[in-house]
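In the two complexes that follow, subunit A is the common piece, with subunit B as its partner first and subunit C second.
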Partner chain A sequence: MSTKKDSQTAAWGWFFQRVSAVGLVVLLGFHFAVEHFIVGAANVSAGNTVERITNGLIQGDHILGQITINMPAFLYQASAVSLLGFSVFHGMYGVYNILMEQDRLKPYEKPIKYFFIVFSAALFVQGILIFLAFFEPFWQVYDPR
Partner chain B sequence: MATTQETGAQEATTPSESKATLDVFRYIPEEDDEPHTETYEVETFEGMTVLDALIKIRDEQDSSLTVRHSCRMARCGSDAVYINGTQRLACNTQVSELSQPIEVEPLPRFDVIRDLVVEMNEFYENMEKVEPWFQPDHEPETGEEYLQSPENRKNIDTVLDCIWCGACTSSCSPAATDSDFPGPAALAKAYRFYKDEREGEETRKRRLEMLESSHGIYRCHTQFNCTEVCPKGISPTEAIMEMSRDAVKEKLRFWR
Partner chain C sequence: MSQDRRVESYDRGRIEDVGRWKDWAKHKPGMWAFYLHRFTGLVLSFYLVMHLTVLGTGFWLGHTAYTELIHSFESLFIVKLLEVGLFAAFVFHALNGIRIVMFDMTIGLDVQEQLFYLSIALSFAVVMVGVPFFLLPL
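Right, the complex of A and B next:
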C-alpha cells in the first residue's frame, strides 16, 4: 500500500502542516494585535513599519491614551520571518495535497511537486527580500513619487 | 445504539396532518438519458420512517421504485440514502422530523445502479484492503482463547458498531476525488484491529505501515463529515487522527 519513502514524506508533511497551523494561529494573533488593534489602521505607515521591524517599537494612539511596546527587535523580526515561512508552507502544502487528491492529476505528481517546491521557495525568498528592504534607510524604501 | 440522527434534523412542516410529500430520485442508467425526480404523496402514521414511506410508495403507487433494504432496524446498513441533503439510514429517519417535501436521493459519490440503489463494490474492496480480520502473532497464553482486557475492549467499542452502510465514505471529500484513499469506514475498521491488544506489536506495526501512504491516513481533512453522518455514532475521524499521531510519533524517533 505504501513505500517507506512515500510514508516518510507523508508523515513529515502531515506533522509540519499541523506545526505550521499552530504557528499561524499564534503569529496571526500577534500580527492582528499589533497591526490592527494596537497600531490601528489610521496609523499604519511605512515609517511605523520600519520602526517596528528595525527597533521593535510598537506604538498606537487610543481613546485611553498611547500604547507603547518596546520589544527586542530580533523577536519581532523572528516572528515576521516565521509568519512568512509558516504561511508559505501551510498554504502551498495544502493546495498541493488538494491537487494530489484529484485522480486525473496523479500522473503529473512529480512535475506538480517540483513546481510547488520551486514556487514556494520563490515566494519565501521574495518575502525575505521585502523584509530586508526595510533595513534600508526609510527614504530609499518609501518614495511617494 | 440505533438512535435517531440529530444531524440535519429540521423542523417539521407537514403540509397536512396525515400526508407527506417525497421527491424521489429516479434513474435507470440503461433506459434513462439522465436522472429525474418524481413526487409522491403518502399517508403517514405515527413513527413512520422514510423507508416505510418508500416501501408504501413501491407497494401502492409505483412498483418500479427500487430501494435496497433488509432489517429495517438500523442493523444491516443497506438502506443508507441521501435525505434532505444528509446521508442517513432511511429506516432510522422519522418522516415527522423532516421538512417537506422530503428529498430522497442515492448516496452521493457512488455509482447508481437503479433509483436509490448504488454500486458498493469499491467500498467493500476498500474494506478488504485493510485486512479486517484478527491476526494474532502468538499462541493464546491460556487455553484456546485469546483474552482481551475489559479496558482494551472499551477502547475499540466506539468503532465496533460499524454496519458498513457507506454513509461516511459518501460524505468524505477526499474519498470523493481520490480513488486510492480507502475512506473513513475502512480506516475505522483498520483502527478496530490496530487497537486490539491481542494482535501483538509486530502485527500492529505492520498494519500502521500499510495505512500510512500519502493516500492513506494522512489524507484525512479532519472535517468530521463522516462523524456527523454516521448513524451509529462512530467517529472515524478521531480513529484516523489517533493512527496518524501514532505513525508520526514512530517516524519522529529518527535517532533509533
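Right, the complex of A and C next:
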C-alpha cells in the first residue's frame, strides 16, 4: 500500500533523476571528450590521470593532439566527483525503477530497494577510492613500488 | 493542477510491463523510443558497474598495473568497437533524454514522433563523427 510519504519520495526521486540527467549530458560528454577525443583511451595512464586530477592539466595525445586545457584543479575534481555521484544515482535509480515496474517483483520491493541503496553506496565509495588513489599521500598505499 | 488536459488525462496503462513486448508489431514510434531508451540505459548502467570494478581492481594492484591494464584492453580491436557502441548508447540516451525532459515541461508533445526521429538522426551523425576517434590508430 503506497502512502503519501512514498509518493513524496517518488516525486523527489523523479526530480533528482531529471537533475542528474541534465548534469550527465554535460559531464559524461566532457568525460568522453577528454578520455577518448583529446587524450585517447589508449594513451590513458596513471601518470597523465594524476596530471588531470591533481593539476587540472588535460594534454592531448590523440587526433586532437594539439589541444591542451589547463583548468583549475578543483573544477576538474568537482566534475569528476559529480560525474561519479550523478552516474551512480541515475543508473541505479533507473534500473531500480525498471525492476519496480514489473508487477511480479512488487512483493520484493523493500529488499530490492535496500539492495540498491547498499550497492549504490558501495559503487560510490569504490569510485571515491579510485579518485583518492591519484593523490600523492595515497600513492604509497596503492603502489608501494 | 496542470492546465494541460493532455497531461492530466493521459492513461499510461501498463506500458512499462515487459509483457507488452509480445505486441511489438503493433508498436508506434513512441514505444520504440521507450524500448531503446530502456535498452541503452541498461547497457550504460551495466557498463558503469564494470567500469568502476575494473578501474578499482587496477588500483588495488598499483599505478603501473593500472596503466598496463588499460593498454592491454586498448590493444584489442573488439574493445574499440565496443567503445563505439558505448558512445552510441550514451549519445542516443542523452538526446532522447532531452526529449523526455522536454515532455516533462509539456514542450513538444505534439511532435513527439518527429523528435524521436530527430534524436535518432542526430545520434547517427554524432556517432559517425566520433568513429575515427575510437577506431583510428594513433
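As a working rule, the second predicted complex is superposed on the first by the 127 of 145 C-alpha atoms of A that agree within 3 Å, B and C clash if a C-alpha of one lies under 4 Å from a C-alpha of the other, contacts with A are read in each partner's own complex, and residues count from 1 in each chain.
The criterion applied here is as follows: contacts are C-beta pairs under 8 Å (C-beta built on N, C-alpha and C of every residue); 3 or more make two chains touch, one makes a residue touch a chain.
Every value quoted in this text rests on a predicted model; they were computed, and no experiment measured them.
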For this session: Kindly classify A:E101 by the partners it touches after superposition: subunit B alone (first), subunit C alone (second), both, or neither?
Result: both
For this session: In the three-chain superposition, say which chain, subunit B or subunit C, touches more residues of subunit A.
Result: C
Exercise. Is A:G56 touching the first partner subunit B, the second partner subunit C, both, or neither of them?
Worked result: neither
For this session: Go through the superposed model and pick first if A:G127 touches only subunit B, second if only subunit C, both, or neither.
Result: second
Exercise. If you stack the two complexes on chain A, which partner ends up touching A:G91: first (subunit B), second (subunit C), both, or neither?
Worked result: second
Exercise. Which holds for A:A10: it touches subunit B only (first), subunit C only (second), both, or neither?
Worked result: first
Exercise. Does the superposition put A:V22 against subunit B (first), subunit C (second), both, or neither?
Worked result: second
For this session: State which residues of subunit A lie in both footprints, the one left by subunit B and the one left by subunit C.
Result: 101-103
Seminar exercise, completed: The answer for subunit B against subunit A in the complex is residues 129, 174, 177-181, 209-214, 216, 218-219, 244, 247-248, 251-252
Seminar exercise, completed: In the complex, the residues of subunit C that touch subunit A are 14, 16-18, 38, 41-42, 44-45, 48-49, 52-53, 55-56, 59-60, 62-64, 66-67, 70-71, 74-75, 80, 83, 87, 90, 94, 97-98, 101, 104, 130, 132-134, 136, 138
For this session: Could you please specify the touching residues of subunit A with respect to subunit B in the complex?
Result: 1-3, 6-15, 97, 100-103, 106
Exercise. Okay, in this complex, where on subunit A does subunit C touch?
Worked result: 18, 21-22, 24-25, 28-29, 32, 36-37, 40-47, 61-63, 87-88, 91-92, 94-95, 98, 101-103, 123, 126-127, 129-130, 133, 139, 142-145
